[in-house]
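So the structure is just underneath, and the comments pick up after that.
Every chain is named by a letter (A, B, C, D, E and F) in the order it is written, and numbering of its residues begins at 1.
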Amino acid sequence: MSWFWNVPGFPLDALKSPRFAQPITFARLPFIRNLRDNNVLGAFIGVPFDGGTTFYTGARLGPQFIRSESRLLRPYNAELDVYPFRVLRAVDYGDVDVVPTSVVKTLDRIEVTINEVINQGATPFVAGGDHSITLGVLRAVGRRFRPLVLHFDSHLDYWDEYWGERYTHGTWLRRAIEEGLISGVIQVGIRGSQYDKSDFEYAKASPVPIRTIMMSEVEVRGIDWLINELRNSLKGPVYITFDIDSIDPAYAPGTGTREPGGFTSREALTIIRSLSQASFELVGFDIVEVSPPLDTANITSLLAANIIYQAMSIKAKQVIGVG
Amino acid sequence: MSWFWNVPGFPLDALKSPRFAQPITFARLPFIRNLRDNNVLGAFIGVPFDGGTTFYTGARLGPQFIRSESRLLRPYNAELDVYPFRVLRAVDYGDVDVVPTSVVKTLDRIEVTINEVINQGATPFVAGGDHSITLGVLRAVGRRFRPLVLHFDSHLDYWDEYWGERYTHGTWLRRAIEEGLISGVIQVGIRGSQYDKSDFEYAKASPVPIRTIMMSEVEVRGIDWLINELRNSLKGPVYITFDIDSIDPAYAPGTGTREPGGFTSREALTIIRSLSQASFELVGFDIVEVSPPLDTANITSLLAANIIYQAMSIKAKQVIGVG
Amino acid sequence: MSWFWNVPGFPLDALKSPRFAQPITFARLPFIRNLRDNNVLGAFIGVPFDGGTTFYTGARLGPQFIRSESRLLRPYNAELDVYPFRVLRAVDYGDVDVVPTSVVKTLDRIEVTINEVINQGATPFVAGGDHSITLGVLRAVGRRFRPLVLHFDSHLDYWDEYWGERYTHGTWLRRAIEEGLISGVIQVGIRGSQYDKSDFEYAKASPVPIRTIMMSEVEVRGIDWLINELRNSLKGPVYITFDIDSIDPAYAPGTGTREPGGFTSREALTIIRSLSQASFELVGFDIVEVSPPLDTANITSLLAANIIYQAMSIKAKQVIGVG
Amino acid sequence: MSWFWNVPGFPLDALKSPRFAQPITFARLPFIRNLRDNNVLGAFIGVPFDGGTTFYTGARLGPQFIRSESRLLRPYNAELDVYPFRVLRAVDYGDVDVVPTSVVKTLDRIEVTINEVINQGATPFVAGGDHSITLGVLRAVGRRFRPLVLHFDSHLDYWDEYWGERYTHGTWLRRAIEEGLISGVIQVGIRGSQYDKSDFEYAKASPVPIRTIMMSEVEVRGIDWLINELRNSLKGPVYITFDIDSIDPAYAPGTGTREPGGFTSREALTIIRSLSQASFELVGFDIVEVSPPLDTANITSLLAANIIYQAMSIKAKQVIGVG
Amino acid sequence: MSWFWNVPGFPLDALKSPRFAQPITFARLPFIRNLRDNNVLGAFIGVPFDGGTTFYTGARLGPQFIRSESRLLRPYNAELDVYPFRVLRAVDYGDVDVVPTSVVKTLDRIEVTINEVINQGATPFVAGGDHSITLGVLRAVGRRFRPLVLHFDSHLDYWDEYWGERYTHGTWLRRAIEEGLISGVIQVGIRGSQYDKSDFEYAKASPVPIRTIMMSEVEVRGIDWLINELRNSLKGPVYITFDIDSIDPAYAPGTGTREPGGFTSREALTIIRSLSQASFELVGFDIVEVSPPLDTANITSLLAANIIYQAMSIKAKQVIGVG
Amino acid sequence: MSWFWNVPGFPLDALKSPRFAQPITFARLPFIRNLRDNNVLGAFIGVPFDGGTTFYTGARLGPQFIRSESRLLRPYNAELDVYPFRVLRAVDYGDVDVVPTSVVKTLDRIEVTINEVINQGATPFVAGGDHSITLGVLRAVGRRFRPLVLHFDSHLDYWDEYWGERYTHGTWLRRAIEEGLISGVIQVGIRGSQYDKSDFEYAKASPVPIRTIMMSEVEVRGIDWLINELRNSLKGPVYITFDIDSIDPAYAPGTGTREPGGFTSREALTIIRSLSQASFELVGFDIVEVSPPLDTANITSLLAANIIYQAMSIKAKQVIGVG
């Protein structure tokens, strides 16, 4: 079918086919599952699951709406001077077929799918879904790379359980540490009210180092300070998990447990972009907690698509640098 | 605290306290858990759970929004000439504390709560939540009464499983039959496309009688025919489960698996109201699948509140009749 | 300024100036206040007031949104074979400058404005605003014509007071009777729950006849019966007040005290249109309780605009008939 | 890629892959362009164009949202006892790459694409887009079949021009007649205000017969009468064009020029379904004027998807009957 | 009923009862009116009144939606190292039963209720309602404390009257000064267009000092400067009134008279939090003009809930410091 | 008609006629077309056209919604100490009667209307409509003044064509240069992904100087730097075109091709306001791409109205300075 798009890394051309035409894939990239034969280095994967949330649901529609808003992405990243899709020969790998009623079974399926991707030599760029899905991704990525995790969030996410349940969007990080999947964590953007003063104590007891950078500290020291801290701290294999609620609700209303006082979209894009100058290896990325039913004018999904674009650009820069 | 409302059966008076004032309970009735000492005969209970859905979520917010819209309910039902709240000494019992990530654990908790209610001599009027919760209610009500179930829905809901999961909003009815909780089913409003012709075969194999009245049959024979059929068929203990998607999406857009071509609100209210003339005993009622995030102008929650009101009126008529 | 529209009865032509262009007036008719010199027989007047509501507000935006949706109205009413605007030389008279914080002062201002209109020989077609405004209109129209009132509503509106207040959207009818403004009332569409059985007793005690046609009666006897009843009952000067909540919430969600089970838009348009065959004199019309912030897709305002159009058509038919 | 769906006529199975997972195609059917080799008899085609509208835009998003809502469609049509997708070996053919700024160029592209489909032996089921696109479809279908057109609409659509423009959503029918593409027209659902009494005169002057069934006539004579009229009138090759504004705004708010008083969804589905018993050959179908930005809760797109489903079912019945 | 929450200062535990379960009170605190016997030091009170607005209404729903969004508040304020609810033994006192049609009568009722609260030894934390309600609160608080008022707003609010009315949301401050209720005012955030240059002159003529800090001055001098100014100026009894329109519409769209160019949520939270280091006594607090019908995704209510939380934290710090 | 407003420069007084009353014009200014006899120096003109967009439509409703939100504008600009409406004797000139289906014909009509305005001695303040309309305005303004264009945007807008079409919202700037209408361009706010590295090359090849200030440069150097750059660069006749998508989507979600990371409303107002101190002559202004159907809570239209207000204030200051 020569008519249609099928070249990895090349989105359907908006100057020929209007952006609002044709079935929707991420960034209008081809929908391809055979990564190895196509030499794909970066794949978008959706995980439409919100069975791990503690308050509002809706994140199961995250992949659908992020794909929809991603149609505005164009091939060239001028700020970083790179063509992320072409360099990564990027594709849309489709979604994990989750089990909506079971976190545990869904984590298994995520692990299987992500292993498919990394075993074919591609880096996964995952769109959730609630934050519980990150555990599934880390079971694949973490067992291979045991990365340092850069964790954007307004919440600590290392609580032990909710209502007796151990696998939720607020406990995934403790589980990942307990399962030995990661070598450390840097948390950025933490704010809002806490359950208890003792919430912070797990960070000290944790078997791997956890550094928590509160939003209040960023406000005092500034974004430039934060960028420098991250650049200096990130080394070796790094996995980035980006909870969209690290962003202020004005910029990202579409998420389930919102905390006012977060990053602006400009700050977030600047921070992510700045990581292109750090010397680490990006081994995986996810953006989670985009809940389209709570969104307004789809701006949360739009921002999420742009953050994925910057993450792909970082990887592309690393690929070029290595090459 | 004489200031505030605390008499079962008597809503806060809108001629004194505006409807939009004060924390919200169902119909502005008092929030009371000690039913026996208050001689409560009818209790509103919320089950804010949507972990059993197969498509769109949001039904966990059903009880909140139904309560909010129920503030328009007034004490006297002129069409049936009854004061439902006063007769039932009705109260708001609060919600079941569900386990959002587990259908199975939630079913246990529902059963416990409903048993609390019926053991104190009150009939439960339940607001879901997705349709999986009905199984939990029936485990309490069904074990005591083994009722005939009057089932308003656009879907059959006796599928065996989804993605290998046996407890969902599409399988509760088969489970209830398998668990011996009910003595028969009359389904009303079924329509829309089906998975397969064989979907209907379980009705024949079922250990208890299942009568399925398709919407297309109602269209041909008319509402009056339907009312007569129901009046003639309903005897002994009856449990009514009302899936809001039996209503047309124009009247009830706020639900997760919508099928055009359903009942209008006028038809639904007329049908429910007409049951006051049948000679059965209402042993429980639920309305499910109201999903406020999908709603527009809260009309689905408003209709649900009015249907509960009619159901309470039927029970009140039965109580008076018995008295 | 020959460029622009200024001929009474002739809307700006959508075949030349697109419907979405130019500042908005009712039906794109000219905005004119000198009625007598223009021989205007019918004038649209807005009363943007919602200070008399007991639950949700928003009706102050009724005139704005009804004007906006009225841009779809075209000159020729095929069903009634009449050009209502041309016959009435209809114009948009603008709004009453209400006092948002005071029902009492606003009623005075309404009376003044409506007197301006009727003193110039035009029939007022009023868009509210909440139902309290009808009292102001009747103080002008009623003192001149002492009409029979045809009252579409889901509520009785003859309560005595709310929170000690005598002028509200639920008490205007009793005030109008007490003030001797009307000769009788026919209420159509009443439904929903009532405060008390005694609510209906005022109808018997009232100094003028009140006939209340419940929606439940219409359901049993049918729309044709209702039309006949109205045709036979309406004689002499008649004022029509149309509370949009007489319509079902699916068709008119944008109103503050909604009751499921009302008229469909098709029924409402048919009923209104059918009145063109009755032998009464329409001396005034209002449509009230359109609350755009509660609306979805502006369908309530759209329906209201179409009902006004039918009411103008009735008057136009009467004018032609008399002519 | 055995993992994914690729068999014409078989949607992705919701019992295995949740409905909200995976990139979206119509009814979750495979996205395939080679129709002949797959023996495809029915193809869904989107035409995302709204450059021909006279009031509100947004119909360019019709195909996207209809696809999204079509995920609820299941394989078996119980009312008609047919598996439409399997019988037609149905697929999603993707969209026409329209030229958003030019009606004329877009009509050319539509014609090319539809010719691709019919030349491969498949019947096109088209989702617009505004009504101007029907002219493009008819240039392909009409030149081959010169069909009778069954035209559901609230508007006549045979005006000559708007603002000097001859190709718009209100003039396509006159152009189609002038171009000799069709053998006659039956219009159903016409209502609302008209520009002028003379609007109806073209029907008499037209070189092919135009029968206009006003909504007011349907109200008087009933739906059964309409169904009989259509069954008796439809013979030979028939093309159905379904303007969603033939439906009442309560059921289909998402369209640009709405007229209250239209069909309910139940009536529409019944009428369409009933055509399975008429003896004509369906040579093409379109549903137009779905404008998702004006919609609420996507119910208009949902209804459109269901109407397409019924249309496919009719064709499937005809195929089986012929076979 | 030991099952349910009833201990002042302790919210229902989200780790046991999901946040979306149970009837809603502020921060899930108990609903208690007997403050003295419970040693309550801080009480949330709603004033659901919008009869004093000059443009858009909707603020009568403020308390309802602020309560709803407050469910995300947790017990521990990490930035200020304090448990505000526990220290204040905080409760939800319910709403003032306002008279929706009368500002004057409502002001009386507010005064009565607030006196109940302060006479029992608790500090009121009030959620409006439009800004006219602050006059009612000050009649209670001001007569006891004659506080300095810290006034966040984009408007001056000391106009004399609107349409001849003296009690509105734009005149409360002048009335409070005239009634001798306050000792001075510091206004922060003023911006947007003004009626006239003379608007500012009342500040000079006022019998108590009025300091007006324009937003344009804050932009030039910075937030740190503002914080220092406030810390230095606030002494003795201080009442804080926070008009949510001091926040930029991107962060607080849900309000009736919006002015672009306001504070961000981060700035607002930082400023409020910083006041914990000033040496004044907080004698009352209100947040007003939250209008949920105008909001998007409830972010305005969410921000308001968080600002109340910070205000309670300041008081708690003061209580501890005093203790 | 002395009752109503008709004095250029004087809005209807909100202290007498509530803001939500009366048909809507820009800033409640009189609707007048005879500019010369009224000595009008500044006129608001709407251009409701979105036929040149490449993605989402809706900008045809820009003038309607900007007018609606402009009702909050008051006569006095305190920051600039000027009464813009009075100085300019400002009026609402109404809209250009566009041809919705044709960019080319619409450009002609715009040119005619703008020439009417400038030939009468008034400066046009235009509200689009999509960005293609700027070409029409420049054909009038540019031929007289050949101005330097200050271009706020997130996109370059000097692409050559889309789908073979030369007149779109992404190509107007190249056309304006080719037609010799302007003397140079300063672009501010450019960001987001690009089609290709070569996109920027036209700036070098252009016959007039194009300076492109990327948003990333503004982030590094700061807003003060940008203000200085603009003040120093703007001389002689200047035309300002303000694409609302230069603003961040959190502040301006209502636009068709959004790019996260833009200006805040505070920054935008500060920048515009600061231009009052530069020594150029403002010969025309437009704000484009406001798409109300995509907006939330109308905040984009509100911001646009405020930006126009600041632009009028600049012109007023220039008029006074010259005077």
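Following the convention adopted for this analysis, a residue touches a chain if its C-beta (ideal position, glycine included) is under 8 Å from a C-beta of that chain, and two chains touch if they have at least 3 such contacts.
Bear in mind the structure is a predicted one, so any value in this text is a computation, not a measurement.
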Residue-number overlap at the subunit D/subunit F interface, same or different (half cut)
same
Write down the chain pair with more C-beta contact pairs when C-D is set against A-D.
C-D
Roughly how many whole angstrom separate the Cα centroids of subunit B and subunit E?
40
Where subunit E and subunit F are represented by their mean Cα positions, the distance between them in whole Å:
38
Of all the residues in subunit C, which ones touch at least 2 other chains?
16, 18, 20, 54, 56, 60-61, 97, 100, 162-163, 248, 250, 264, 294, 296
Which two-chain combinations touch?
A-B, A-D, A-E, A-F, B-C, B-D, B-E, C-D, C-E, C-F, D-F, E-F
The answer for subunit D against subunit B in the complex is residues 14-16, 18-20, 71-79, 81, 248, 250-251, 264-266, 269-270, 296-297, 299, 302-303, 306, 309
Sites on subunit A touched by subunit D in the complex:
1, 3-4, 16-18, 20-25, 31-34, 46, 48, 60-61, 63-64, 67-68, 92, 94-98, 100
Partner subunit A, residues of subunit F touching it in the complex
54-56, 159, 161-163, 191-197, 199-200, 214-216, 219, 248-250, 253-254, 257-262, 264, 294-296
Given the complex, residues on subunit D that touch subunit F span 50-54, 56-58, 60-61, 97, 99-103, 105, 162-165, 167-168, 293-294
